[in-house]
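The following pair of complexes shares a single chain, chain A, combined with chain B in the former and chain C in the latter.
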Partner chain A sequence: MKKPLGITLLSILLLVAAVALLVRTLQMHVGGFMGISRLVVVIAFTIMAIGLWMLHNSARIFLAFLLTADILSGLVALGVYALRRSNYRLSLWLIAQVVISGVLVWYLQRPAVRQAFGGYSVWPRTVQMLVLTIFTVLLAFPFYWMGVASFKQNLDLYATENNPFIFNLPPTLDHLKYLFGQTGFVRWLENTALVGIIVVAITLILAVPAAYALARLTGRWGERLGIGIFLTYLVPPTLLFIPLSRVIGVLGLQDTLSSLILVYPSITVPFSIWLLMGFFKSIPRELEDAAMVDGLTRFGAFIKMVVPISVSGILTVVIFTFTLVMQEFIYALTFISPESKQMVGLGIPIFLVRGDVYYWGALMAACLVTSIPIAFLYNLFLDRFIAGFTVGAVKG
Partner chain B sequence: MAVVETRNLTKVFKEGELGAVNDVNLVTNEGEFLVFLGPSGSGKTTLLRMIAGLEHPTAGEILIGGRVVNDLSPRERRIAMVFQSYALYPHLTVYRNIAFPLRAQKTIKVPASGKSLGFFGRMQERRRLEKEKVQWAASLLGIGGLLHRKPRELSGGERQRVALARAIVREPSVFLLDEPLSNLDAKLRASAREELERFHRSIGTTSIYVTHDQVEAMAMGDRVVVLNQGYVRQIGTPKEVYDQPADTFVATFLGSPPMNLVEHDELIVGFRPEQFRPAAQVEGDKVSFRLRVENVEYLGSEWIVAGILTGGRMEGKKTIARMASAQSLELGQTYDFAVPERELKFFDRSSEKRVAARALQWQ
Partner chain C sequence: MKPAGDAETQAKKAPPLSSSLDKPGQLRPRWKKVKSAGAATSPLLGAAMFSPAALYILLLIAVPFFLAIFYAFSDARIGSTELHFIGLENFRSIIHSPSFQKAVTNSIIFTVVAQAIVLVCSNILSIALEKPFRGRGLLRFLILLPWVAPVSLGTIGWKWILDSIYSVITWVLVWLGFANKLDPPYWLGQEGLAMASVILVHCWRLIPFATVILLAGRTAIPKEIPEAASIDGAGFWRTQFQINLPIMTPILSVAVLFGSIFTFTDIAVVYILTNGGPYDSTQTLPMLAYTQGIQGSDLAAGAAVSVCLIPVLVIIAYFMLRMAHRAEVV
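Right, the complex of A and B next:
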């Protein structure tokens, strides 16, 4: 296969750019984060240059992806920043960049070039990578922001002329020390874990048999009753907390975690019943019949057949219940006042925002610490979790 | 002693409605292959589920091995059942599927021997016996190589074999099979059927088999129980139900194409399509008809000729003939056809029950 001239030129250009960047970086003694990122760019450019030289299609696609990303970000920067600020020098520079990248993408898609790389269009893979990149950045950004802010010095955090995305001053552990030493954060975490575990247990004990009974044993009425139970889930806590705080008062449970343990199942149980009903209905009846013929009682069939098969549904209920307990606000706010009895979702905003002073570093650190276990759990059970929420929606 | 017996067995699902199973009396013979045959909604599956103990009868008795088992749960009846979907346990491997009845019933007992084995020793011994049993069942069905797989990794035929292995592993007194072939494609079905027949011959356990497919019923059954709307219409060998149908339902349900029925005064007269032939080919006493040929289908080994009787008292009646060759017949033409007189079946017009043969005036 004959190599198009433009590809030869492009790979030489990329190699030259990589070498130039390397030399400049070494000359100017750029260190730390910037140095490393420049080194990454140098390596990427070199690999791409070699890939293009050897007519590897992935190199072409990666180049097209970078160029398209450049065009998109250039257009965004132009519209959102340069033109609105009447910064015409920057605008001209951006326009030139967009045009050059556009021409290069157009060239990469030319029939001759396409032929040289095996005849594939760049678009399907490029668009796929773009979408993936955009969503990854969008979703990972809050975590990145929390992480950066947790370890920034206050001086760095509040200096408006600093680049907010990176560490301008050396990172510090002050915020974490403050969070764990000066506040009841650990206590709040313990409270949340305790309430969470008990509520999960109560929810499972009530919802699993109830859902099974409604799905299997009561016939047509089971369905109606199930819908009725689900309807109670739709009554918003913003309405319910007023009468319920009276109930808590009458029971003498104000300022105790027991009040939350009592009230949270009223939200989690109906939803879990509804979710598990779908699950149990999707299990063929013949399986239980077979288990019963094979020597189990109906209860035995339920424990040994139905429960293991619906493990994804049960896991979904566990995670749903636990996250709800962590993030619930209104009941935790109205039922409990003392600092030592707070749940984590409430302690953070109440005690790390004093009047109009935000302890941003500590706030972000608290959010990070709290969200890591949940993120970990979600990822561990991601596949089962998706199965849990889509069962019944898709037959399969 | 009969393995399975039902006495006046009735199941009514909703009060005031027609029963799904009405007044069924059955006795199985030792080691036979009994087939329940009927269209969908005929109550055949309900009847089987009552014998299995999965449905509770409204009235009547079920006896297994001479004992009334009405109030026994399925697990106490010493039966094995193969379901339409096979109902393999999706979260267990093939080995665990087959071992499941053994573990659930705790069938495997470690024989008392002189030396004490201790708790773990007994457990190991139990596992060893269980493994022997499972391997015996698996090798009987030729699935010894699949034991570590999960059900979803098996083909339709392999699933059926696993279901059968799970059924035989604890050597039940009776096998119940609920349309086990209906989930297979047509090609596989024939070979699976043959395999089932061979399997039954080799183990010789009394089996009850439910199907809506008359071919399966005729091919496999020692006896066939024809059901319709919850009533037993006829019990007999495949030959009896085909040649001597007890009523017009059995006559038309069995046979493809079904028996021709023509009305004659107080009677309905039936004859099989293969007995309805050009008059010249029929010898001896015969009844003749004029047939106008409306449609001819060539099926390879045979021809199906559909036509309308003309002339005489049978004017306008649709009939079907099945013949080895119909090349000489032309559409729209009228030919002389005839049925041997001894092949005519007579049914009472009001009760639709079979009545004795008699001579009739046909012209």
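Right, the complex of A and C next:
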């Protein structure tokens, strides 16, 4: 395959730009955040240059993606900033940039170039990358923002003149120290872990046998009961918290973690039964039959054969229960008032605020520290949760 | 456990223990026989295994559910044990309160607008995520963060983003010359902006959820159908709208129904962001139920407000049931 001249030129150009940027960065002793981001650009340019040289389609697509992003942001900047402010020098510069990028994208899509790279069109994957980039940035931005706030010095955090996206002063661990040393955060984590573990245990004890019974033992009725159970999952806590608050009061459980331990399974059990029911149905019946032939009772076969091979389903329930315990808001808000008995989901937004003063650094650090681990766990079992939500609307 | 005995008798009815000496050929008919025994249901054991969970659900979901309805027709208050049946009195008084009217319209507006936005965005996002590529796992993790992180914590993150003085959005707007630094927009303090903010946070939280559900639906579309369509000359848009969309209707409605429940019955977002204010402009039914029932000690009024959630829940449950039924038939 012959390499088009333009591609050769482009890769040389990219390489030259990378080297020039590297030299300039080293000359000017740019350090810290800016230095690192410049190095990233240098590396990206170099890789792209090599990729183009070797006629890798990914390099072409990545270049097209960058150019399209450049065109779009150039147009936005032109419309909302440069022209509005009558900044004509900037406007001209932006227009030139947009035109150059446009010509390059047009060139990358030429039949000759397309053929050299295996005949693929540039657009589908470029648009895909653009969409993904935009959504990921929008959705993950608050978490990036939490990260920035948790390590910023207060002087930097509360200075409205400073660029808020970067560290104008060196990062600090003060907020984390304050969070772990001088607030109830650790206590709330302990409470959450304790409640979580007990609720998980209760959920498993109630849901695993019930799900098995519905999947295997009750025949035609199992199906209907299963759907009935699923419907109870739709009854929201915001409907039940008022009568339950009185029940908790009558039982004398006000302001104790026991109140939450008693009530939380009512959210977790229905969905867990539903999830596990689907799981048990997918296990071949022959397994239990074989066990029963070997002299086990039905219940024995369930305990010794079915439960062990259902570990992944049961783990899903464990993770699901744990996340729900962390997510829950209204019951903890209604049943528990003292600070030392709080759960993380409530303690952070309510008790990290002293009077009217928000300790934003510590608040954001707490949110980040709590959210990320649970997100990791949840991701591992994502497909199973989804199977639970789709109510059989998806086959397979 | 007594019912276990029942299963035991069943097992005994099965042929005697298979010995290792049996030849594979002889095993066949025996297996078949056992299969019919194992496939038989044993209602007693089933009932015994199911009843603890059923009892728990009855006591902690069904009983409070009817208690809530009962309270709505009574004069229950925090701190007094007396209860009188007072008929429709609670409903009569809440219907005339402006807060309640605002709460009803807001609950509906938030739910409908948020679902519409979520539906469009999650469809686009799920198309983009459909084909595997390098780094998809990482992207999925980042995209899912809003859904997986506890609601209250994600919302407090937004409260910082929408802060009246240190808001990053305001900073960017001022820098671009769109906002005046001395008279910045109060994201959570002006009626329209506060409503938009609540909707924004709901969308932010639900887009990841809807996306992964739609993704599951997309991967389940048999590959032959879009392929055949493209051979017949259907372009990208045509394939999406005339082929994929109809196939995905059930899964789309699952995403919308769950999303509606999550938005309609949520209290954490409004409680943390605006507490229902300014001037009830972001008041919702759950929020009002909490302020009246718990903070105002008027359990009966709170119950009456929260009971107003039931009609919408019934409608959603009806559609869910229809879908579950259809899935069973197919």
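Heads up, the rule we're going with is that the second predicted complex is superposed on the first by the 307 of 396 C-alpha atoms of A that agree within 3 Å, B and C clash if a C-alpha of one lies under 4 Å from a C-alpha of the other, contacts with A are read in each partner's own complex, and residues count from 1 in each chain.
Here, a residue touches a chain if its C-beta (ideal position, glycine included) is under 8 Å from a C-beta of that chain, and two chains touch if they have at least 3 such contacts.
Since the model is a prediction, treat every value here as computed from it, not as a measurement.
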| item | value |
| --- | --- |
| First (chain B), second (chain C), both or neither touched by A:L225 | second |
| Contacts of A:D294 with chain B and chain C, given as first, second, both or neither | both |
| Which superposed partner A:P284 touches (first chain B, second chain C, both, neither) | first |
| Partner chain in contact with A:L363 - chain B first, chain C second, else both or neither | second |
| Touched partner set for A:M305, first chain B, second chain C, both or neither | first |
| First (chain B), second (chain C), both or neither touched by A:V103 | neither |
| Chain A residues touched - chain C or chain B, whichever exceeds | C |
| Chain B versus chain C as contact partner of A:I166, first or second or both or neither | neither |
| Touching partner for A:A207 - first (chain B), second (chain C), both, neither | second |
| Common interface residues of chain A - those touching chain B in one complex and chain C in the other | 286, 289-290, 292-297, 300 |
| Chain A to chain C touching residues, read off their complex | 80-81, 84-85, 124, 127-128, 131-132, 135-136, 138-143, 145-146, 149, 157-158, 160, 164-165, 205-207, 209-210, 212-214, 216-219, 222-223, 225, 227, 229-232, 234-247, 249, 262-263, 265-266, 269-270, 273, 285-286, 288-290, 292-300, 323, 326-327, 329-330, 333-334, 344-346, 348-349, 358, 360, 363-364, 366-367, 370-371, 374-376, 378-379, 382-383, 386-387, 389-396 |
| Of chain A, residues touching chain B in the complex | 284, 286-287, 289-297, 300, 304-305, 308-309 |
| Chain A-facing residues of chain B, complex | 49, 52-54, 73-75, 79-81, 83-85, 87, 89-91, 100-101, 104-105, 166 |
| Contacting residues of chain C [partner chain A, same complex] | 1, 3-5, 7-8, 10-11, 14-15, 17-18, 30-31, 34-35, 37-39, 41-43, 45-50, 52-54, 56-57, 60-62, 64-65, 67-68, 71, 76, 78, 121, 124-125, 127-129, 131, 139-146, 148-158, 160-161, 163, 165-166, 168, 171, 176-178, 181, 204, 207-208, 212-213, 215-217, 220, 236, 250-251, 253-254, 258, 261, 265-268, 271-272, 285-286, 289-290, 293-294, 299, 302-303, 306-307, 309-310, 313, 316-317, 320-321, 323-324, 327-328, 330 |
